[in-house]
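These notes open a run of structures that come right after.
Presented sequentially are two complexes of chain A, the first with chain B as partner and the second with chain C.
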Partner chain A sequence: MFGLEKKDARLLLLVLALTMFAPFILNPFPEGSGWAQFNAGYPDLMQRFVIFGIFAIGFNILFGLTGYLSFGHAAFLGVGSYSAVWMFKLLSMNVLPAIALAVVTAGIFALIIGYVSLRRSGIYFSILTLAFAQMSFALAYSVLTPITGGETGLQLALDDPRILDGAAHAAGNIPVPGLFGLEMRDSAELVLGAWVFTFNIGYYFSAFVMLASFYLAIRIFRSPFGMMLRAIKSNQQRLNYTGLNPRPYTLAAFVISGMYAGLAGGLMASMDPLAGAERMFWTASGEVVLMTILGGVGTLIGPVLGAGMIKYMENILSKINSDILHTWFAFLPDGLENLLVTLVYPFIGKGWHLTLGILFMLVVIFLPGGLVEGGQRIAKLFGRKKAKDTDGGADAANSTTPAE
Partner chain B sequence: MGILDVKGVNKRFGGLQALGDVNLSIAENSVHAIIGPNGAGKSTLLNCLVGKLIPDTGSVMFDGKSVLGRSPHEINQMGISRVFQTPEIFGDLTVMENMLIPCFAKRDGSFEMNAIGSVMKQTDVIEKAEAMLVDMNMADKRHMNAASMSRGDKRRLEIGMCLSQEPRLLLLDEPTAGMARADTNNTIDLLKQISDERDITIAIIEHDMHVVFSLAQRITVLAQGTPLVEDTPDNIKGHPKVREAYLGESA
Partner chain C sequence: MSTGNFTRRGLLKTSAVAGAGLALPTYLSAANHSGFTNAPGDSTVTLGFNVPQSGPYADEGADELRAYELAVEHLNGGGDGGMMGTFSSDALKGNGILGRKVEYVTGDTQTKSDAARASAKSMIEKDGAVMITGGSSSGVAVAVQALCQEAGIIFMAGLTHSNDTTGKDKRANGFRHFFNSYMSGAALAPVLAANYGTDRKAYHLTADYNWGYTTEEAVKSSTEAMGWETVAAVKTPLTQTDFSSYIAPVLQSGADVLVLNHYGGNMVNSLTNAVQFGLRDKLVNDKNFEIIVPLYSRLMAKGAGANVKGIFGSTNWHWSLTDEGSKAFVKSFGTKYGFPPSQAAHTCYVQTLLYADAVERAGSFAPCAVVEALEGFEFDGLGNGKTLYRAEDHQCFKDVLVVKGKENPDNEFDLLEIVEVTPAAQVTYAPDHPQFAGGALGTCNNGA
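Here is the complex of A and B:
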């Protein structure tokens, strides 16, 4: 199907189902119940899931396949956001030209930065990309204020030209990004008993873009180009002496992943039309590294899972405060309740980074293949049981491939 | 004129004269061995042939074209393949993928941006890689991770990868180093078979005299960066200069 192997097509269908039904899946708890704060099915967060999913998928094409660890990918995300906002200001509030420009600009930036950085490999490559990203951040934050809006960020204004939209928005409010009349922030709500499900246009638009990105990533993984990238990670010396030039391969991978980051940045601006320099800060570059490693480096679905996991914790865990903890443990005697609250408190609210750090450590130590490896181990556990039952699990062991 | 002509090559590392005025000609479709004691400059010479090192002076011509100043992948595309002392293969990839990569390199050149089509649909390349796996007697291992194979199998895979590029000159750097006797003999047989069946020149650097004398048609003896003699194996065996270089016999 779609020119994919059976297994990859199944994975794509799974992701399709997950993204399409996300408003249901992420809202398992009824509105107003004590658990409702764990619901993640609100538009803002769902958009973030898929947008950071795109960012991580692209990052994984570089890091997962070639092994080149870029510490500056947030720069491309930021460049994409700025480009998109400028397109909203100058041309039209339609998201398509904005996203197109975001991808192209990020691609050009990646070409320049990649050309220079890829002269070195290993830690020196990482440091070079980090230096470039921090320079971009500094430029955006101060020197280039006329273009980037500096500290306040780049925002839309009522008197922006918007050549194509012209008089359509003369009415006094700043228009919002949309797709041929569909406004990105519009939502429909479905109330089923105590449950409320929100279907947001911006989310579904982003989800379709993510599906397309995911599909493209599968094609790249399974192509001769993808195989060469894995060969670069495995043994660059042999590749050289096999008549292949690693430089254009790594540069192409760098540009592709930069364009993915630009796409994510453009989408981010399309959901909320402003762009700030903090999107290019080095912690943002580090975050996508964490997402990829947490989910599973070099796997197809891993980066998406990692992005979802981190964004969920960032948005849900950080909202829990001590009052909520007290209500949870209220059934206990007072002394014990206070003790438990004191013990758990550092891991929630602003302390969610601590939980993330511990989780990250556990994954790296016990599951070097990330969440995907965890899933495979669980599947194997069940597979083995099944094999014992049917007494014919010989091919189960052979069907494991390096890139799930 | 051989297929490979080395003329007046010098290479100096600081105070060490690694190669001093090396002249060497390797005849087409022959098996030529380069032997010499440790530190004789064998590996330096080899590195000068494949683009890893650039000689200070002299010329290296392959098939009438200079290789100097070209990068390793360009020299490889000219038709020189190299087998390393420790097998250099793509350890994280399967045996089949290892074989596919040189087949792609042969068909598409040093860079080809084919990022959308599936590897599985490149039937010509797959057939060629399959055939080479059968030739190398490792078709049953095709789904194995290359790193998990034995030393001898890795060596055979590496030779197979080089052959699938259809090189005109195959350079081998101590191909049997660290191998058990049985693996060594298998490698000798394989190389004999390759040189008999294919239109290929083989240059081999070797320590093991058993390997050298069972394969080579010509032998160059290198000592202290300079060729001492070049002759047939029979003449080399009894050559006084060779004995001197190897055993330090001055009498």
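Here is the complex of A and C:
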């Protein structure tokens, strides 16, 4: 189907089902119950899941296939966001031109940065990309304030020109991004007993874009071009001796993954029309590396899972405060309750980084192939004879090097 | 590359799933039609407290959260009622807001616009918060304010001092009780003239971001208006921790006053460096070299230790004020937590009460009704004397404190002494003042 092998087609269908039914899957607990705290099926977080999924898929095309570890990918995300917001300000609140410009500018940026950085490999390449990203951050934060809005970030204003929309801003409120009249933040709610499921237009739009990017990634992974990239990862010298110049291939991979990041940035701005410089900070670049490694480097679905995991922890775990803990353990005697709260407290709320760090260590030590490897092991455990085709998107099975 | 075959069964299956997916929306009810976003139920109302719990302003965030918890306790009728007893409006009865018990959710802004917006969005979309408040940075305040405007939620700003929050980035659904850069400049200038004379040469070190710019501009224009000369204004990176390379050129410039437009950790470091360089013992142009810090906070004074002695600055509120409101607040905060509140805690506490009061007076949680109740609202008894929430830009106009680092502090909280209480009239400006130009309030938004 769609020019894919059976295994890949099945994976694509799985991702399709997961994204389409995400509002149900992510909201397993009834509204008002104590567990509702762990529901993640609200529009903003679902959008983040798919958008960072795109970002991580793109990053994985570079890191997973060529083994070049870019530490500055957030720069492209930021550039994409800024271009999209400028498009909203100047042209129209329609998301399509904004996203198109975001992808194009991020691509141009990636071409320039990649052209310079790819002259080196290994740690020097990582440092170069990191330096470029930090430079972009510093520029966006202060020097380029008229273009980027500096610390405050780039925002829409009532008196922006918006050439194509014309009179739309007479109402006194800034219009919201939309797709030919469908507003991105519009949602419909489905109430089934105690459960409330939210279906958000922005989410479904992002989900379709994510599916398209995922499909494209599968095609790249399975193409001769993808094979060349793997060859670069496994032994670049041998490639040189065979008379092939790897640089055009790495540069192409770099630009493609930069464009994916730009796409993610453009989508982020479309869901929430604001672009801030922090998006380009090195921690944001580090985050996508974590996502990819956590999910499984070089696998198709791994980065998406990793992105979901990190965003879930960032948004759900960080919101649990000591009051909520006390209600959880309220059934216990007072002394024990307080003891448990003190024990758990460092790991929730502002301590979510700690939990994430521990989890990351555990994954890297025990599951070097990331969450995907965990899934494979479980699959093997349960379906010994079916193991061969239940390993889903894990084409990592044949590349045993988990990370650089 | 092999292509799978289309089977009849496969096609049917796929089209059934796709059909179900497409038909689904027709079964859905649209968002609730109560007229505004997150209309609370009959028994409880949820407020969102979005404060920095990690990052450079985590101390302030922690203090803000304490104030919010105290405010919720008081609104629900617990504790001693704090400033509810001294507040000039008596709409609040201690039975929650409009008879609904006040509940709250918290979030971490990380002092990053993106994280703050994500956290605020989850409060709005997931927890059903009807009002968002908090923050300890202008970047975050402006970002969250814009978000609340879009979503149809009221935003009550926490600590944000940049002119832009109620200047070029003002929004109809956003309100600021805290003072701003312009007010700092206007309040400081006369005190500086009286103490240091009117023929000084000033050298500015400015944190290289939005708040730094507006503060530099405000202090510059008000000191220049009384005869000072600005020798140079140098931007320093926000992440700078060692300012010695910026301090050395100050002495060669012929300036005799150093203005540090820095906040938080930046200010602690730059002031410490400046004092260590012996700037304050120098005689330049036959005058004592002086240092000024436009925005002071107790937490910063604590960080800089003995270096703040005798240094002038401005602040929104200080716990040593002796009016009834301040005394009541310090008492109930002190009883609960064992130490006096900071100015960040004060402004957050007051903002929560003001919101609750506005809802009571409006008789509705609908943002537009609240906006109407707050616009042009005059009140007293909340620690800053008579205060006006101006309708044109949603900025509070009230007395501003000029403070000085105390020479002989009695304890670790008693670090600042009040030099002068600048009356509100002196710090009031026209809504279209050049420092606040651009931007428009727009109209209030009730959301869905």
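Everything below uses one rule, namely that the second predicted complex is superposed on the first by the 382 of 404 C-alpha atoms of A that agree within 3 Å, B and C clash if a C-alpha of one lies under 4 Å from a C-alpha of the other, contacts with A are read in each partner's own complex, and residues count from 1 in each chain.
Criterion: contacts are C-beta pairs under 8 Å (C-beta built on N, C-alpha and C of every residue); 3 or more make two chains touch, one makes a residue touch a chain.
Keep in mind that this is a model prediction, so the values were computed, not measured.
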First (chain B), second (chain C), both or neither touched by A:P333: neither
Touching partner for A:G193 - first (chain B), second (chain C), both, neither: neither
Partner chain(s) touched by A:R222 [first = chain B, second = chain C, both, neither]: both
Which superposed partner A:Y141 touches (first chain B, second chain C, both, neither): second
Touched partner set for A:K319, first chain B, second chain C, both or neither: second
Partner chain(s) touched by A:G32 [first = chain B, second = chain C, both, neither]: neither
Partner chain(s) touched by A:G3 [first = chain B, second = chain C, both, neither]: both
Which superposed partner A:G181 touches (first chain B, second chain C, both, neither): neither
Partner with the higher number of touched chain A residues, chain C or chain B: C
Touching both chain B and chain C, residues of chain A: 3-5, 222
Chain B - residues contacting chain A, complex: 50, 71-74, 76-77, 81-82, 84, 88-94, 97, 100-102, 104-106, 108-120, 122, 143, 145, 161, 165
Interfacial residue positions of chain A with respect to chain B in the complex: 3-5, 219-220, 222-228, 230-231, 233-235, 237-245, 248-249, 252, 256, 398, 402
Chain C - residues contacting chain A, complex: 1-4, 6, 10, 17, 21, 24-25, 27-32, 53-54, 58, 105-108, 112-115, 117-119, 121-122, 125-126, 137-139, 142-143, 146-147, 149-151, 162, 164, 169, 172, 208-211, 235, 237-238, 439-440, 442-443, 445
Touching residues on chain A, where the partner in the complex is chain C: 1-6, 9, 17, 20, 39, 42-45, 48, 138, 141-142, 145, 150-153, 155-159, 171-174, 176, 185-191, 198-199, 222, 272, 274, 276, 278-279, 314-315, 318-319, 321, 349-350, 353
